[in-house]
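There are two complexes below, and they share subunit A, which is joined by subunit B in the first and by subunit C in the second.
After this line comes the complex of A and B, so read on.
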């Protein structure tokens, strides 16, 4: 299932979660990690990824550091303290949403079902 | 992971230059993306991979990235300015500066005549503009060919431009049009004194934010 509209709404959560697990990452690395984790089922478009990273940085959730790699510049992103807090809240928000979605799609499912 | 050939690097630069990317930050990030992608694929596949990347980073995508970055950096600069202006968060030194600012405001309103306030205002404009242009030269390009510039520097310079134009219209223009007569109006004088002090405080916060911005890292 590779639906861009479904991914769009959770892109920020995906980025924050990956950075929580990986300390610091750069754009290409994020796209590859998502591809790897989903066995190529989900592909993050670069046109959506970079603006999302810049937005999270402007909101103070991500910090950046620039490193020189083979005569070029690489921008690494990592979570700030506010970003760390945001991961927890975004994750529970998303989990709650998926749980409710499950209830709608499969009404027989028992309340309190956790994904 | 392999090393890219000079021809591959040339292909990437040619493509990116054809997109007229406005900001260095966007150029560098896309350039790194192209390079890393190619480094992780066999050299024989290069033309196909580059063609795919060209589709990914199409004109509209890149223009959107430029625009989004500009909006986000403008927001960041404003937040940094507001943080700086919260003098109560800077300890005793901040409080002293805050009180000094208040004193300057009162002196401006009650002691300095409007005709001299204009000189102070113009001097503050010139000093701020000169200071920021000197610190943020990487936002300017006088080259006839397109060259990417730093988004943060350009944002700061734009803010100076907006402030000065605004002040010029609300103060200098009425003074010039009435040949100075309006300065005898007490309300106008108080308003202008307030505007001058606020513009000076705003300029100081901009200079501080500009001096804390990261230096230009690389220009293609």
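After this line comes the complex of A and C, so read on.
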């Protein structure tokens, strides 16, 4: 499924939401978790993932931790306090957008439905 | 999930080293991504998967990622430093700031030339020493990664270039306080109250800037390669 353009706008929200649920994750783990949750329908490309992670880190929403794992060093990402707050606002923003999109695509649908 | 053989790991290291990355943080992230990905495939798929990864992590992409990360690291350290700097002027840390300000003012007014020189030199010597210590600590951390990946490029932490700015500021302030008045023969006019206030202000800003930078580096060193 070629949905890269659709994913782009919500990538940050996806990352923040996953980190809210998993406490800390590393880059490759995030790509695999998304693949697993969507049964391979959504694949986050490395080209988009790392710039997004670094941007969130720069904005102070993510903090990093470097740890030795199996003879190599791994960089873990986790939410900062600001990041925790941002998840809620990003999630409601995305849910509102999906709701509005749904209204456009299926005008017969009554307003105020839950996703 | 399997463990890669030594031969496979060598192949991965060669592929990573060929990208000629200079940022240690980016290098470890890409290396971990490669190994994690390849470990989830059977041995017979190794070559094909490595080729696929090489297609995604092209040298161009890696260089852009690195360049952006240098900017990110700079912003992050600056943000942290700024928040620390502001804390020097808020309760309770402001008490220490006032205390040091009074001590310095006392030395400047009552001390002789030697005391003044000592008071002015101390932060510069400390600054140089702290900068040297920072570079040494970072070198030790990054050197392990360099050995691990067998990289031949000058690998460094993305946070380290910020300390070069510190050196530049240090030299600038040193010139402003020591060399310029001497060169322009302004030493006598430096006794005026306006000069003293100006010196104290520049000096105070410099010390607080320097201290906040090293404090930020100390905090960051727990989770980064500095």
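As a working rule, the second predicted complex is superposed on the first by the 113 of 115 C-alpha atoms of A that agree within 3 Å, B and C clash if a C-alpha of one lies under 4 Å from a C-alpha of the other, contacts with A are read in each partner's own complex, and residues count from 1 in each chain.
As a working rule, a contact is a pair of C-beta atoms (placed from the backbone, for glycine too) under 8 Å apart; a residue touches a chain by one contact, two chains touch by 3 or more.
This structure is a prediction, so every number in the text was calculated from the model and none was measured.
Engineer: Is this a clash or a fit when subunit B and subunit C both end up on subunit A?
Structural biologist: clash
Engineer: Subunit A residues in contact: does subunit B have more, or subunit C?
Structural biologist: In the superposed model, C touches more residues of subunit A.
Engineer: Output check: A:63 vs subunit B and subunit C. Expected answer is one of first, second, both, neither. What do you get?
Structural biologist: Second partner only.
Engineer: After the superposition on A, what does A:27 contact: first (subunit B), second (subunit C), both or neither?
Structural biologist: Both partners, subunit B and subunit C.
Engineer: Could you pull out which residues of subunit A sit against subunit B in one structure and against subunit C in the other?
Structural biologist: 26-28, 45-47, 50-51, 54-55, 57-58, 60, 66, 69-70, 72-75
Engineer: Hey, which residues of subunit A end up touching subunit B in the complex?
Structural biologist: 26-28, 45-47, 50-51, 54-55, 57-58, 60, 66, 69-70, 72-75
Engineer: Any idea which subunit A residues touch subunit C in the complex?
Structural biologist: 26-29, 32, 45-47, 50-51, 54-55, 57-58, 60, 63-66, 69-75
Engineer: Would you mind writing out the residues of subunit B in touch with subunit A in their complex?
Structural biologist: 3, 25-26, 28-33, 35-37, 56-58, 61, 64-65, 68-69, 72-73, 75-76, 79, 214, 217-218
Engineer: Where on subunit C is subunit A touching in the complex?
Structural biologist: Residues 3, 25, 28-29, 31-33, 35-37, 40, 56-57, 61, 65, 68-69, 71-72, 75-76, 79, 145, 148, 223-225 of subunit C touch subunit A in their complex.
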